[in-house]
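Would you mind keeping the following structure in view while I ask a few things?
Order of writing sets the chain letters: A, B, C, D, E and F. Residues in each chain are counted from 1.
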Amino acid sequence: MKLTHINENGDAHMVDVGEKDITRREAQAQAVVTMQPETLRMILSDRTKKGDVLGCARIAGIMAAKRTAELIPMCHAIPIDNVTVDIEPQNDTQLRIVVTARCTWKTGIEMEALTAASTAALTIYDMCKAVDRGMHIDEIYLLHKSGGKSGEFRREEALPGSPIR
Amino acid sequence: MKLTHINENGDAHMVDVGEKDITRREAQAQAVVTMQPETLRMILSDRTKKGDVLGCARIAGIMAAKRTAELIPMCHAIPIDNVTVDIEPQNDTQLRIVVTARCTWKTGIEMEALTAASTAALTIYDMCKAVDRGMHIDEIYLLHKSGGKSGEFRREEALPGSPIR
Amino acid sequence: MKLTHINENGDAHMVDVGEKDITRREAQAQAVVTMQPETLRMILSDRTKKGDVLGCARIAGIMAAKRTAELIPMCHAIPIDNVTVDIEPQNDTQLRIVVTARCTWKTGIEMEALTAASTAALTIYDMCKAVDRGMHIDEIYLLHKSGGKSGEFRREEALPGSPIR
Amino acid sequence: MKLTHINENGDAHMVDVGEKDITRREAQAQAVVTMQPETLRMILSDRTKKGDVLGCARIAGIMAAKRTAELIPMCHAIPIDNVTVDIEPQNDTQLRIVVTARCTWKTGIEMEALTAASTAALTIYDMCKAVDRGMHIDEIYLLHKSGGKSGEFRREEALPGSPIR
Amino acid sequence: MKLTHINENGDAHMVDVGEKDITRREAQAQAVVTMQPETLRMILSDRTKKGDVLGCARIAGIMAAKRTAELIPMCHAIPIDNVTVDIEPQNDTQLRIVVTARCTWKTGIEMEALTAASTAALTIYDMCKAVDRGMHIDEIYLLHKSGGKSGEFRREEALPGSPIR
Amino acid sequence: MKLTHINENGDAHMVDVGEKDITRREAQAQAVVTMQPETLRMILSDRTKKGDVLGCARIAGIMAAKRTAELIPMCHAIPIDNVTVDIEPQNDTQLRIVVTARCTWKTGIEMEALTAASTAALTIYDMCKAVDRGMHIDEIYLLHKSGGKSGEFRREEALPGSPIR
């Protein structure tokens, strides 16, 4: 087992995807934002009106997905088929962001889904930080991927040290 | 109490920082990446040689800090004085990323610190995902901020639902 | 009278703003999107629910303002104090976008306001083009500016050939 | 009839283009910049020499086309085959910009053509604004598109409220 | 013989690549950075420890390759298969950067290789300039390209005025 | 003597410029492009007409200067006062690019001048490569800088191994 992004000299490099098949690929990733109950009430009551915190977070996530390869050094730019960002309250202190991204290309779209989830979460933090600086973001991970040579992955159980309940 | 990024019509907007004082400001934020023990051993043994996973993550974090305002819709572009990204193992399954960012400007630098921490964590995920797709990122939060009208913030205790131990 | 962005050799260049005073500056610009009445009804009924066409256009305008200097070759990057994007129906076929942008800097913020108005208009076009390819965008101009050596400008009357009513 | 960029929940999303055919597509869009006769004379006399206002606007348009998906939130990044930007005087107060863009891909290239036309127009404004702040930009619309499932579109006549003569 | 990026009117334009075949293409380019012997010793001794000057330059080169089409006005954005950046000392005052880039697309990848080499060289300059402002960068050229209609190119001998030894 | 961008742990970092004085700073840098005499004749005859190769290179240089901090990992984003790019033939095979950049800020503007010179040179290569793949770029260095604590630098003589005549 070796790290594919480190070559024989120990240097970071981009993996060559030239020989890989173009297949339909999908990835689903999530993030959870935890806040004070009052903060979540403000976001959701706003949502009833115009939804700008969650609407803004969704748009930020979609736009970040398109710029993943600019942010993650060894990541290939890939043509995205689509991205959806869903945000739902989990309980009275948590919002869960679920991103689904698809491409038809030579390499997977996990990093785009994770980057979108993370950026949507940071956007919620930014828009609410003046009222709740203690918010935190957790449980950013891949839920599912399909397509490509490495095949299907579906998250089953938590790793050691995981905050997943 | 109201959300500063939502105006009287419920629309997202950028807060006007024109009247704010230019002061020295600092923010410190963190993220934790959890992985299999074998994955962490590979990263650290590589580090002994040339450190490219952690070196790459540090550089990705610094570069992302400079692009925060492009990613977070309502965030102001600010001139950054400096950013440092420190990454240390916490135990045999976790790496902790601590980012310190400083500016001398009209608005704070929290989002830059959080964006750097989150992007450094995503870069570690990207470089190791071929060997460990179950990695997860948690505990992204502000550790400390100083400067500006809202004064000093230092994280003391966990919020409800927090995975912080 | 000469073009300030063309030097003595006829070459495009950036004007030197090094000696200019740092003052509070404001610019207000607009754009008008014309469409079929049915298209406007769909946007506005959607707005009653969650406002995503107009919300998305507002966010796109704000984000584009921050990237003006990347798009307009001879434009200086300036630290923006704030940007607001207001979008209102004018009649049963037109939406009017009004952008107000402010900075405290050595050069004006007109281009940011105009770029935001134009990008918000293009976003409305993009989101509705599948139902109305004949939409058009007009009346992109500066409404008002203040601050800086060239002083105040307020649009009074239409130029020859202007579609302004 | 419904807006394709708004999903069943009323949220903005990117349309999935994964199943669409890869075909040769073309779009042609325009913009008109209106100014004082003296301003147009200065631009054109400069053109006789080195053409930097129009040359700069053409280059800005081409470069903006390549960044359309970064600016327009729900727009897919597409590999552009080529872009041409033609700028010609229409009379003694107006310049007309016509952009032709082509791709061989799953989705159309209208937004790239419109973004190029709009950015070229804004660049002309920027380079001449010191001598003519009253310039305005109008008649940004699609002239023609071909390729793809929605087939050919050719603009025939003006919509209600249109400034097209 | 004519310049392909200048059309019949003398205007810069993007060449239309719509009819070109998708083939595997490779380009290799280089740059040489010359410095004081003491500067090179510091870089290399650092390398023995953690390699951050060269590691940072390699990452900067790879990331710049992905953004070539944003920097070079008439360059097409292409999906990169991979990029590698190798940096080796040539003697006691020179580092040589060799970049190999590959794509499977309609147009070549030379500009990506050259942009990566040039950006890696500038990064070395940036990180060492405080101790050696006289450093210079030379011998940026294409070493080899293959694939596409123009076929194979391999650099054989120096042109007039060339500093190549 | 130590490398300022490498901290006590050997990690790359951004230097803290928070305590530095805001002063007027200038940097001048150059690059030389060598080509076949026939290539240079084509560029210059084109220039007599509309100057698009050199005009395009000048604009690319100015736009690249504004994005230096996105390309060079440890470089601070600085507000640029102005950039000029002059390109003149040196003899029958060489074009010399001289960039002058100015800012009024806490850190110098050398990297912006060097990045502009390098990008202008790459743009000339790109636009002429179809007729002359053997072109090369050399002699990228700082000519002069002033302002800031490190004071004035003026290039006097060549370093060992330098191609400077």
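In this section, a contact is a pair of C-beta atoms (placed from the backbone, for glycine too) under 8 Å apart; a residue touches a chain by one contact, two chains touch by 3 or more.
Composition by chain, UniProt nomenclature: A, B, C, D, E, F = Cyclic pyranopterin monophosphate synthase.
Please read all numbers here as calculations on a predicted model, not as lab measurements.
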Most widely separated chain from chain E, with each centre as the mean of CA atoms: C
Centre distance in Å when chain C and chain F are each reduced to the mean of their C-alpha atoms: 32
Computed distance of Cα centres, chain E from chain C, in Å: 38
Chain C and chain D: spacing of chain centres that average the CA atoms, whole Å: 15
Where chain D touches two or more other chains, by residue: 11-12, 50, 52, 55-56, 59-60, 63, 67, 70, 73-74, 77, 79
Pairwise touch network: line, ring, star, complete, or other: other
Residues of chain D that touch chain A when the two form their complex: 7, 11-18, 69-70, 73-74, 76-79, 105-106
In the complex with chain E, residue positions of chain F that touch it: 1-6, 9-12, 34-38, 42-43, 46, 49-50, 52-53, 55-56, 59-60, 63-64, 67, 70-75, 91, 93-94, 110-111, 114-115, 118-119, 121-123, 125-131, 133-142, 145, 150, 153, 155, 159-164
Chain C - residues contacting chain B, complex: 24, 55, 58-59, 62-63, 66-67, 77, 79-86, 102-104
Chain A to chain C touching residues, read off their complex: 50-52, 55-56, 59-60, 63
